[in-house]
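Just so it is clear, A, B and C label the chains in written order, and each chain counts residues from 1 on its own.
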């Protein structure tokens, strides 16, 4: 077996001139976190809208929600990223397409939006389940009190529903972080991408990927702990969610 | 009784002889003899060294050299049948796949340099080429400094992307470097205006331009990122027996007239799939190297003489 | 603009796309789902067993795999499998594995973690009376699992298992990162060679969409039928 171990590789300078290999990996980590946060915000925004749409009594709203979910759910994330990155600029009028292609950090924005929309479907489904698990009396009581649909959602249903789905949302956020790695196919050099670059320049395959693995595990732990703290601080005493 | 003794002695002799033979074979040669197969790594789009033709079969200058090596291995191991398996590789997977045993020989356009020789070994050089870039004539990029602040693409895992990264830092160009999976993808990025330039070995650039939809729209820079560097077929390190056979095969090929003939087949005549003719006469440095085969990673050692 | 598109490139490459690409994808999906299910059930049983050490090991494995992006796991196994083979078979050289074998190992190991969680939920949802009755009848642990608990758990979780398989089908497209030729990889190769990105990627999207839609529809109908029987 001719593999040469070299754990000191992390402190050796990287050819990109920006520091050591460890700096390269950390830069990738920062990019992963930024992309994941951006994508999560988009996922929450769109997912909430679609989740609510699917629980409304209006047929058209339900339909739109259903189509949205089916569209994004039946295509692999990788294919979706390719569509946004390669196909969309070609379908637009030439000037717009050119502008899109030359935007600095195009892979970052594309990955953020692509992953965000992909995960929004999961958020929508969780929210739909969350709202569906509320006692029917809640909505009826809100209407009886004279609240409009919008008000009943905003003040009665959604606050409880979101608290109920905090645990599944945590795992969806973790999934978002993992899914940002698909961005390396369109040129986003985030943590996994930097580990790959490190492997290509230094030939130290296992050291590079072990470091990436450790960093992902750390991120996981931080997110789980943070979400648990958030859950506890938002809990309403007396409900199942408030222990 | 005497018959039994004769049979016994013969069997013992055969066993010893067999064992002695087995002990002599090590490393890759042993593996090849035991499995009866040799695996060659090929490239997708390194025209004309190793690329896919219309039927998705790998062909090319380096592929032909590899097949000669396979013949030599077959003769050396005295095998009746040697199964040749083909495994696709890219610039970024070729070294790990060689190291982990997936392929025995990498037949493509891999630059031989001192840094890589820490991980793998190379046989006698089969080409010399320098790093340049291709861009659309309309982009008016004439020198490396014109790349300032622009998106530039190169293939991941190559010496070219490394040279580009270093030049970017050294000359403070502030260019955005986009890594592509393979040469075809990188060239496509220039074609579709995602990148203004593609940095790669000039022979590969010339082939891609010649085979593109509108060759006249592109220009290859005169500026180079490096001196002409040698290409070599890769094999595993620390395997002297195998290297001897491979070196012997390539030296024999280059020194005989066949080396020049093979060169002309791929560089001076029409090549599949579109019948392009690259029309690149053999460089004097390479001609000299064919006469005196060398596996040196040092560009300065290749002189025209 | 649509007039510029050359949809003929799809027709010309159909056989390559489907015979090389789609067969790879489908075989990988099928075999990984099968292998992952077997392995995953084993892991689930380990976690539920009374041996704490086994449970711990299984738990760590599942948590580790589930915290990592699939892309990273693909890279790990792509480079690692030959060395594992060398260690397992004790040979002097890393074992030669092809792209398919490497992907198969990757996806089996990856999906096993997810299938194990599904099967664990399934096993735990079986009422305690079942294994108790089996024990009363004199069946060993192995027989209880094989004839009483697992068949029921499997049947209950079938819709979830099938949904996870559809997810697996979509995830196989990620072998793209190591340049392995699955359906998307094949479409991509044609796209790059002929410069027809739009046509090929749209086509690939449509094919994935149609297959996943039909499969989801099938699972929903299956779910309805199982629910009715209960």
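By our rule, a residue touches a chain if its C-beta (ideal position, glycine included) is under 8 Å from a C-beta of that chain, and two chains touch if they have at least 3 such contacts.
Every value quoted in this text rests on a predicted model; they were computed, and no experiment measured them.
**Student:** Please find which chain has its CA centre nearest to the centre of all protein CA atoms in view.
**Tutor:** If one averages C-alpha positions chain by chain, the most central is C.
**Student:** What is the chain whose Cα centroid lies farthest from the Cα centroid of subunit B?
**Tutor:** That would be chain A.
**Student:** Give me the two chains with the most inter-chain contact pairs.
**Tutor:** Chains A-C share more contact pairs than any other pair.
**Student:** Starting from the mean Cα coordinates of subunit A and subunit C, work out the distance between those two points in Å.
**Tutor:** 22
**Student:** Express in whole angstrom the distance between the two chain centres, defined as the mean CA positions of subunit A and subunit B.
**Tutor:** 41
**Student:** Let me have the rounded angstrom distance from the C-alpha centre of subunit B over to the C-alpha centre of subunit C, please.
**Tutor:** Centre-to-centre distance between subunit B and subunit C: 36 Å.
**Student:** So which bits of subunit B are touching at least two other chains?
**Tutor:** Residues 96, 99, 192.
**Student:** Two or more other chains in contact with one residue: find those residues in subunit C.
**Tutor:** 79, 83, 86, 93-94, 197
**Student:** Subunit A: which residues touch two or more other chains?
**Tutor:** In subunit A, 3, 90, 196, 205 touch at least two other chains.
**Student:** Touching subunit C in the complex: which residues of subunit B?
**Tutor:** 27-28, 30-31, 35, 39, 44-45, 52, 56, 87-90, 93, 96, 99-102, 181-182, 184-185, 188, 191-192, 213
**Student:** Which residues of subunit C touch subunit B in their complex?
**Tutor:** For this pair, the touching residues of subunit C are 16, 20, 78-79, 81-83, 86, 92-99, 178-179, 181, 189, 192-193, 195, 197.
**Student:** Quick check on the complex: what are the subunit B residues that touch subunit A?
**Tutor:** By the definition above, subunit B touches subunit A via 92, 95-96, 99, 118-119, 151, 156-157, 162, 165-166, 168-170, 176, 178-179, 192-194, 236-238.
**Student:** If we count contacts the way the header does, which residues on subunit A are in touch with subunit C in the complex?
**Tutor:** Those residues of subunit A that touch subunit C are 1, 3, 70-71, 73-80, 82-83, 86-87, 90-91, 174, 177-182, 184-185, 192, 195-196, 205-206, 209, 212-213, 216-217, 220.
**Student:** For a test of understanding, state which residues of subunit A touch subunit B in their complex under the given definition.
**Tutor:** By the definition above, subunit A touches subunit B via 2-4, 15-18, 90, 98, 101-102, 104, 187, 189, 196-197, 199-201, 203, 205.
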